[in-house]
Amino acid sequence: MIAYVAKRLLAAVPVLFGLTIIVFLIMAMIPGDPATAILGSYATPENVERLNRQLGLDRSLVEQYLVWITNLFHGDFGRSYALNRPVIDEVMERLSATLLLAGTALVLASVLGLLAGVVSAVRQYGWTDRIVTFLVLVGISMPAFWLGLLLILLFAVTWRLFPASGMVAIYGGGGPLDILRHLVLPAVTLAVVATGVIARLTRTAMLEVLRQDYIRTARAKGLRERRVIFRHAFVAALVAVVPVIGIQAGFVLGGAVYVETVFQWPGIGSMLVNAIATRDILLVQGGVLVVAAAYVLFNLAADVVQTLLDPRLR
Amino acid sequence: MSDPLVEVRDVTRRFGGGHTLFGNPRPQVHAVRGVSFDVMRGETLGIVGESGCGKSTIARMMVGLDVPTDGTLHVAGVGGGRLARTVQYVFQDSMAALNPRKRIGAILAVPLKRLAGLDRRQREERIGALLDAVSLDATFAERYPHELSGGQAQRVGIARALAAEPSLVVLDEPVSALDVSMQAQVINLLADLKRRFGLTYVFISHDLSVVEMVSDRVAVLYFGKVVEIGPAAAVFGRAQHPYTDLLLRSAPAPGRPLRVVDDASAELPDPYDPPEGCAFAPRCPRAANVCRSEDPRLVPRGGKADQLSACHFPLAAEL
Amino acid sequence: MANAGRSGAVSLLLNNRLAAAGVALLALIVAVALLAPVLPLADPNATAPADRLMRPFSPDHLLGTDALGRDILARLVWGTRVSLMVGISATAIAAMVGSAIGLVAGFVGGRIDGLLMRGIDMVMAFPYILLALAIVAVLGPGLLNALYAIAVVNVPFFARNVRGMALGLSRREFVDAARLSGQSGPEVLFAEVLPNVMPVIVVTMSTTVGWMILETAGLSFLGLGAQPPQADLGSMLGEGRKVLFNAPHVSVVPGLMIFVLVMSINLVGDGVRDVLDPRLKSGALARPSARTRVERADAPVATTPAAVLELKGLRTLFGLGGREVAAVRDVDLLIGEGECLGLVGESGSGKSVTAMSIMGLVPSPPGRIGGGAAFFRGRDLFALSDGEIRRMRGSAVAHVFQDPLSTLHPLFTIGDQLIEAIRAHRPLRRRTARQEAADLLALVRIPNPRLRLEAYPHELSGGMRQRVAIAMALANDADLVVADEPTTALDVTVQAEVLTLLNRLRQEKNAAVLFITHDFGVVSALCDRVAVMYAGEIVETGRTEAVLAAPAHPYTRRLVDCVPVLGEPERRLDAIEGRPPPPGALPKGCAFAPRCPSVAPVCREAPVAVRELAAGRTARCLFPLVGAGHV
């Protein structure tokens, strides 16, 4: 198993390289003089010259890439001229906030989604199923940025149950409980869509599994229905659902952009929006790369879990 | 009846193989391991064997849907894939062989246009004639595949194979998916068509009784090799290879008791790593040391020129 | 036909109430958006600082005004128009590019496939919206750039779905057949593959268009899409957010519009998917319950309580598209202690349904028991509670099914599955049960039983797996084993071994067997008595040798005669012309009459009853081929 994980980790390396190539190519699409465009209003002659040197802009695309990737390896993601600090410092500072938010949302979505999906499949066409199916539809049609605003209006403004924004209270905040209070609304907002997708897929997977021959075998053996559903069917359905949870990690990390903006959560998402507004391209690039790398690891974890569940994949 | 229409020489087919990006060899399945035989003009050659023996791979190579890794395969003197006019194929899963979104008439029109080069009016006439030849109503041309039964779909498959007026038809398990009553209809139809159009058949099946009924000569395959080949009556009547004998004893027949042991200790060898000696040796009651080290050659045995077997200790030779 | 199929699909879509509601809602929204220029709306861009932030239902401003005093209703309609346009355009671009990539990759395969799909994987390795952000960051904010970005990040969905389908199709027999018919590669791609891929493209479009509208709105919300004065729903929401606390309606209204629009599209999308997904169309995704529903008017009494199994007047019905048809009608069967009864018939004859009805293993829906009874040692199984049936399954009555790969659970070791079968009925310690499981494997002659307990089903050959299934059926010394074509999927030599094993074990354990098969050769090897089924009815029963030697029913006669027999190659096969009647359209009289060579007018008049020809020999025929004396 350890060998398998190592093998999968190794296989992730080319993917990570691919990510850098795509990001690099996108950056190469910048129209006009790149250094000036990247620097925007910070395009002082020194800065332009410094960036040109750093990016090797007078050389071929391949050489430029090699210079760039070597710098990345040394932890040099360039410099945010708007913030006047190295990109890597800013990104790493904000990464933990984003991971906390996205991780909480993903766990929430997985637990609720699996539960709703199983219940809905077992009670197919019953009232529970109809209600769940409708809620799922509402969930996946919900614009997260709007839901966030509604939740703020209701829970923060009208009922004053949770804070409207930020990660810690400005005065005397910072304890785990304080963070938790701030986490509730954004995490719920972020989890809604993923919950819907996971619930829907779990339902389909369960229905698909429940008509398999081996479920008939389990019943023919005289097993209790509870055991048939929760051991024989659920585990088999999970094999199909786990990779989707991995993919949902990507949607949750992406959705964090909206949710962090709405709730002013100090994560990479809100950083990215600000950076795009100020045309702080290198900061955008660094943020995108780091979050994408995190997503690759999420998917890797999903892969490993799936392999643990299914001996045929070993 | 004596000149060979098909000549198969030392044909080998391996799947997979090659190297990964990092130079590690990829595993290789040895599906067909050096097969030679002829099919005479006008005869029916039956090919029998169990799953994994390579019979379908041989069939696909004969019609050009696959190419041998090694060896040569000639039909009417032509080799290398471009055979569609002379060789046609009938699929096991007749329904899957019909495009669900096309009418039967449109399906039959394709070979008439592409291979026979007929114009629209000629095609329409021929479609009617083809359907008639396989005992289907002309109205079937307007139907979609899902409106057909398995037997009817197989008739359409046969009609399509006949459209280009081939000399050889390779039938890959043409009746295995059909119910017994449909089986008989199709077997009788095939015999009838063969007579009418002077066809040559290669008939592949796992069902010994069907093969015995339709074949002039029979080749028995085991694990990618021909273990025995000869006239049907000889192979089924005086089997030389112990595997042929096991097959014959295993086939259930009405009014016959079971004649095999229920032992499961022996199975097919690993196709990724074929054994050095005879592949059947682990299951063979007659196996000796030589069988495990030396692969027997396919040669005439027991004083018969037309019955060949690949066995160090053939059965009928002792008689 | 094609037209009928298409209008059929539309009516199917509208029959789905949710989808119909979605269609209506979407049609309304689209109509209003299209008619925006001619509708009596205020100028969406006319600012009026004096009228700023008016509440909804104000005079002249039904939905109020925004921070610049612009009419929200007018802006909403025009904004919806923009959002729809952008979403649909992005979908069209993504669908076209993605499908083209997917088609080529799936159809050509090999290196090109590898290259294209690695590229797609790379794009998918990014969290969806992040890649769009990066593209917008580079191209600069703007509605058109947002559209491109959203289209690009959606290309992989189309490429992957279409590629999967195209790959599957290009390995299908009909594509091979088209090649053999002389079609060139591009012709095969466009004439054979593409039409079959279309449903997937349509389904993917209908399920992603909502997403794309949502995501472009999101980009606009962040200020990266539509730039003032141009407005789409997202940018309206973004502007409204600035006055969230004192005028919530400015952001709530456009958000609600996005939500309603996306939801209506998703409703339609789900409907389209259900219609185009053949699995759902056939209702196959209905979840079968743990036990067949029993709804019978009559409950007969057992006449032979000593028998292990007695079926009386069994009638099993299936719901088929609103209609109910009887798959099994009026079936009587008797199995004595330790007896092996072969149930023979062609596919669709009802033999499996009969066997599965006994312990309630027919899936409900669509099946149900509609009449008759199954008695196990005199007890009416259909009258038992679910718990009682469950306790009998796997202990008193065990099952062996056809395909041993699909009938064993793929994720559990065979040891776990055997132990589970044992412990479901006997409160043994796990250790003891494990020992028993190993003994069972030894009983079915599997070499190295202890080692094999750790194996997963896919690690065993077909024959081995079926031995495991047999071991499982014997785990609790069943009195009756129901074997549904247990050797049909096996190779002939393996089949012979497994049959020999079954025969030895049933004699050792004195278990009665109901053996379902289509093969008289197999019956003859194993069964004491045989029952022949046709069109849901038993047409003949008797001792195996007697029935085979002198069939009484014309159907049995023809069935025996149309099968080639090893060692009799010269025999002319007597094919049965025609086909069995579909269960929904049975003839009034004898079901075999339309195909029977010795049919008389009286055969067609009324259903034919079973007649006893001799002790233990019955036939459902007015003119049986053997008299009572010839048994």
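We call the chains A, B and C, going by the order they appear; numbering starts again at 1 in every chain.
Keep in mind that, in the parts below, contacts are C-beta pairs under 8 Å (C-beta built on N, C-alpha and C of every residue); 3 or more make two chains touch, one makes a residue touch a chain.
Note that the structure is predicted; figures quoted are calculated from it, not measured.
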With chain centres set to the mean of the C-alpha atoms, which chain is at the far end from chain A? B
If you average all the Cα positions, which chain's own average lands nearest? C
Intercentroid distance (Cα basis), chain B paired with chain A, Å: 53
How many angstrom between the C-alpha centroids of chain C and chain A? 33
Listed in rising order, chain A residues that touch 2 or more other chains are none
Would you tell me which residues of chain C are touching chain B in their complex? 1, 172-174, 176-183, 192, 195-196, 346-347, 444-447, 461, 463-464, 467, 491-501, 503-504, 518-526, 545, 548-549, 558-560, 562-567, 569, 571, 573-577, 579
Taking the complex as given, what residues does chain A use to touch chain C? 15, 18-19, 21-23, 26-27, 29-31, 121-122, 124-125, 137-138, 140-146, 149-150, 152-153, 157, 204, 206-208, 210-214, 216-225, 228, 232, 235-236, 239, 249-251, 253-255, 257-258, 261-262, 272-273, 275-277, 279, 281, 284-285, 288, 291-292, 295-296, 299, 309-312
Mind pulling up the chain B residues that touch chain C in the complex? 50-51, 63-65, 84, 88-89, 91, 93, 96-103, 110-111, 113-115, 142, 144, 149, 151, 157, 160, 163-164, 179-185, 187-188, 206-210, 212-213, 232-233, 236, 246-265, 267-268
Chain A partner contacts - residues on chain C that touch it in the complex: 18, 118, 121-131, 133-139, 141, 210, 214, 217-218, 221-224, 237, 241, 244-245, 248, 251-252, 255-256, 258-259, 262-263, 266-267, 270, 284-288, 290-291, 359, 361, 363, 390-395, 398-399, 401, 403, 406-411, 420-421, 424-425, 456, 458, 469, 472
